[in-house]
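Report on the following structure.
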Amino acid sequence: MTDVLFWIMSGISVLSAWRVFRTDSMVRAAYWLMVSFAAVAVILVLLSAEFLGLVLLLMLAGEMTIMAVFMVMFMMNPAGLNPMTMVHQHRAAIAAGVLSFLGLGAVGVFGRFPAGVSFATRDVTARLGMELLNDSMLIFQTAGVTLLATMIGALAIASRRGRYGLADEDSIEPAVENSQNAGEGPPSTEKGSA
Amino acid sequence: MTVETLLLVAAALFGIGVYGALSQQSFVMIMMGLELMLSGAILATGTLWAMAAGGTPKGQLLAIVLVTVMAVEMAIGFALVVNVYRIRKADITEKLKTLRG
Amino acid sequence: MTDWLVMVVVTTTSVGLALTLGIYGTVVLDRVIGRSIAGEPLRLTRALVGPFQHAALLLLQQRSDTERSDSATWAVAPALLGALAAAALAVVPLTPAVALEVSSGIVYFGATMAMVMVAVFLNGWSANSTFPLIGGYRFVAQALSFEMPLVLVLIAAALPAESLNVADIVRSQDTLWNVVRQPLGLPLYLIAALGVSFLGPLGLPDGIDLAGGTVAELSGTALLLWRAAQAAVLVAVSAMGAAVFLGGWLGPWLPGSVWMALKTLLLIALMVVAKHLFGRVRLERFVVVSWVVLIPVALVHVFLSGILALRRIGS
Amino acid sequence: MLAALGAALIVFVAGLSAWLAVRRVGDVLNRPETTGPQRIPFSGGDPPAVHAWNRFHARYYAMALLFLAFDMEMVFMYPWAVVFVREGMIAFVEMLMFIVILMLGILYAWREGALEWS
Amino acid sequence: MVMRDAVAEGLRRLLIPLACRAPVRVFALAGVNSPTNIDDLRLRDDICLVDSPRSANVLWVAGLLPAPLQDSARRVHAMMSHPRATVWSRPSVMTAEHATLFPHATIVGPSEDLFEALRTVQRALLTKRHASDEALLPDEEPAPWRGVGPYGQGGTGMTGGVPYGRPMAERAPDRDGLELDQLPMRIGPFFPPFPSGLILDVRLQGDVVQEVTIAESLFAQGNVLSSGESQGDLLRDPFRRALTEPVPVGELELARARHHLRWLAHALRVHGLEALGRRVLMFVPALEPGKAGDILALRRLLDRIRTFDWSTAGVGILERQQLSGRGLGPVARAAGLSDDSRLVDPAYDKLGFEPLVHNDGDCRARWRQRLGEVIQSLALARAGAQPAGGAGSVESPRGVLRPETGPTPALLTLLPGLVRGMEWGDAVTTIVSLDLDVREARAASPVETPTSGKPAVERDE
């Protein structure tokens, strides 16, 4: 039973991963990726990493919708109304893809892994919680700091108002500006003109 | 469902991701490729955790870190896309010769 | 294997039954409450048969289409929404006997509720029409804002139970319901629940200012199915709320399933009253309020519930 | 446990099929074929000048970026909730630290006006 | 196949009796000079007014449609799904061009029962006694767009093609600095939240309004007032009569209160408070001079429900200098101007009339202003038969009304500047709050430039 489900899910996962790059509509591409991930999540559940699989599903919905939103924002012809492929170095990319599949697959098939010891069945989540709070406390807190850095970094990069004026109007730090003005720097806008 | 088959599936996902990341011109589509590579990695981690590492919680933690990496990659990646588009009006890699802001 | 098949059959039938009754109850309640707020005579028989008449009328209407619509995703969207509601309801213990003991129950529930975003966005996107499109985008903004409070209050409820299993959370309310033990929980949950079932104040994706938004281009069966799926989501979140905050099947005299049904209907009624009494909020404002007020309050709520849970165990 | 989630998956599939089946019934009852003018999107009666699908400027993209990062907090919070009572004050303090760090992000976003429509 | 048809037939036989008793799904096209008011349908249990023609079974044409709206009306008809029918409430006066507008329509005269007609038509549609309306517009093939360019796209470049005969949106600058697509679209004339006949050319980027222009066709030939068709509407309106002859204060003030309440019901509906809107509509026929108890209770209720406040506060602020001296009635008074032509009417002077004033000038101030004026009007209406008006201009519920024009043209010139930069929902809130009536619009000479408004509302300051 689990085997059957596993094969179905891996089929869905790989096929929809392929569809991601073969569809014209950006929204469809993002949701094909979501389907692929969801199938991976089901496989994780089958591996009794229940919490991991479900939490992946939880993350996915938000992340892939955001992905769709951004893809529609920044792709011309986002819905694929005019069918058109936008690829470069196609053959090289296929070769690289196949090579990495073969390489990693070989590791999977021929590699030797320690035999599976009985894995925890019931309180996987609880053990994960203990791990988080004790041994891997640093990882947990580092993740917090990393996420904070991500938030601030992403907002700073994406926002229009930089410290020295609007991002799209050649804002330059005053010091740099002075040194450039010695030569022939571009005119800068007023500070904080937003 | 054995270690080998699971890792093969993970490798396939990774391979498709590599193909996508290298072949696509649009920034956001490249990020789709990266996501797929990470999905392969998460599956491999999950596999090894369940089948070879005796279910130690550290394995799951690694997978969670991978999910975190995915979120961070997306957030920073999209922020960069917004910024590049704002300044250069560029949405595909060809339009971007240098990375200087 | 046979055990499992029995479980599947029992769960599927009970979820199907609960959803059907719940959707019907929602429509009836909506009419009854709407008319009483409007100050009109109730006409109970009409309210009771009304849903069937309405459904029949829509079933006999042609399904519309728009130019170059994405017909595949348009077909999937309502089905996905309905299926998500059904799947979410599956982990809510309707009676002590019929409970899927999913040890990460609230994670699972959170995942299904997050996926609602996908369904609504797709429904808005697929029509290739401006108003549904704006509606879909509105829902994404709204969902990104309410999702965190929704999940956080459920986590807070999991603290005293020491488990993410919904049935365990119900059992942990043996002595005291969470609505009393965690007074902030239910209000926060209801706000998020209004958001997830895009109703009333948070019915932004299908507001009249968009001529119906995500439903503006729907007719016939498609409209019927979308409305049914929306009601199904309402039923699912209400059932979850009843289980997590109102003690689920717990209650004297009556059988557990009856208690569960009554509590779920109570929450549905509360939300329908909110729909009729609170007007559409401004999305921009809701986003800010949600991030600056609701999420911090939900986090404080989690920690307060934590301290209370610790003290209870300690004493 | 696996069995329960398997049943949930089946409920999901059943829901999907039920909804699609009713749609099919509707299409049998009434032919969904439409004419050109019937397919014009509704905006009050006049036809649109362009297709509605466009590079839609989602005004909340900064908030979406914030969400991507903040969402991860939940992944850590679920396992924490399970062991919280067992671990007691340590768990409390550690999560408090984690959350306070993340709240700084929201604070920053709010101050920068990233939550408002750009 | 045969089997499928048999099942379908059986199912249909089961569903039809049920569906016949369902409320009639109606989409309304409001014209002029209709014998029945659209609000009368809202209170009906057996009628369900829908917001989009897609899911309506019956298209109800209320009154006569001026020539510029007729094409749009036919298009709305075309958008409806089958089975569909048209019911036309027609006044006795009619011109020849109207006769062919909806050839399949069931005509309802001023003295006939509209509701019965609507019910009968839907029932006949379902039982196939009434054939579903045929398409009035030709079924044209979409323009070919596939297979022109090297990738199978429709032209040169990514956005070169015209899929389905329509081009794609083009980029335009934005206040945010992201040059994304700008969506030009025409909204109206039958967009449910807006007054019938208002046609806006809107440019949206995302859900934000970048630019609004009032469509020219509105002014070109749409003057309904002069065409003689709307005499009936005019004669029923006491404010119109008050232009030329004295009308009792009681009648004027009751009419004012009714008008404001109908407006409030519409505004509540647009904010998603349909049931409360119906409650407000139910007050309308029962209004009596001096009895404001229900209205006071309503005001208390709306004050207590904060969401209506929240979604209107700070939205659509109009400054005093934009409004002063233009006779803009409640809109001006909501911005702190005591601008009211009743002040110069001796009849009102005798009653000690003082105009109510709110200060904020936003949408919230406007609904509060109107609700306050309802209460005030009910008090004034006690003066009963005392005659007022007849001086060539009168303070109508919208503002100063003159034989040639009303306040709507002036409000329309303010509109583009007002809603620029707003999220679409806020723009709708604002437009609804102005209480426009397009029938007054012709008199506004298009010469008056719409730039007289204040600069665009910059909200990212």
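We call the chains A, B, C, D and E, going by the order they appear; numbering starts again at 1 in every chain.
Methods note: a residue touches a chain if its C-beta (ideal position, glycine included) is under 8 Å from a C-beta of that chain, and two chains touch if they have at least 3 such contacts.
Note that the structure is predicted; figures quoted are calculated from it, not measured.
Looking at chain B and chain E, the chains in contact with each of them are A, D. Using CA-based centroids throughout, the chain positioned farthest away from chain D is E. More inter-chain C-beta contacts link the pair D-E than the other of D-E and A-C. In this assembly, E is the chain whose CA centroid lies farthest from the centroid of chain A.
When every chain is reduced to the mean of its C-alpha atoms, the one closest to the centre of the whole protein set is D.
Chain A and chain E have Cα centroids lying 46 Å from one another. Note on chain placement: the centre of chain B and the centre of chain C lie 33 Å apart, centres being C-alpha means. In terms of their C-alpha centroids, the spacing between chain A and chain B amounts to 5 Å. Multi-chain contact residues of chain E (touching two or more other chains) are listed as 12, 15, 52, 54, 79, 81-82, 142, 163-164, 166, 168, 176-178, 180, 183, 185, 191, 206-207, 423, 460. Contact with two or more other chains is made by residues 64, 67-68, 71-72, 74-75, 78-79, 82, 85-86 of chain B.
Under the contact definition stated at the top, the residues of chain D that touch 2 or more other chains are 1, 5-6, 9, 25, 29-30, 34, 38, 40, 42-44, 48, 51-58, 61, 64-72, 74-76, 78, 81-84, 86, 91, 106, 109, 116-118. Chain pairs that touch one another: A-B, A-C, A-D, A-E, B-D, B-E, C-D, C-E, D-E. On the side of chain E, the complex with chain A involves touching residues 145-146, 149, 151-155, 158-161, 163, 168, 176-178, 180, 460. Every residue of chain C that touches chain D in the complex is listed here, in rising order: 3-4, 7-8, 11-12, 15-16, 59-69, 75, 78-80, 82-87, 89-91, 100-104, 106-108, 110, 125, 127-131, 133, 137, 140-141, 144-145, 147-148, 151-152, 155, 158-160, 162-164, 211, 216-217, 220-222, 224-225, 228-229, 284, 287-288, 291-292, 295-296, 299, 302-303, 306-307, 309-310, 313.
Across the complex, chain E meets chain C through its residues 12, 15-16, 18-19, 21-23, 25, 43, 45, 50-52, 54-55, 57, 79, 81-83, 126, 142, 163-164, 166, 183, 185, 191-193, 204, 206-207, 268-276, 278-279, 282, 305, 307-308, 310-311, 315, 423-426, 428-429. Interface residues of chain E, counted against chain D in their complex, comprise 4, 7-8, 11-12, 15, 52-54, 69, 72-73, 75-76, 78-82, 135, 137-142, 163-164, 166-171, 174, 176, 178, 180-191, 194, 199, 205-208, 423, 459-460. Interface residues of chain E, counted against chain B in their complex, comprise 177-179.
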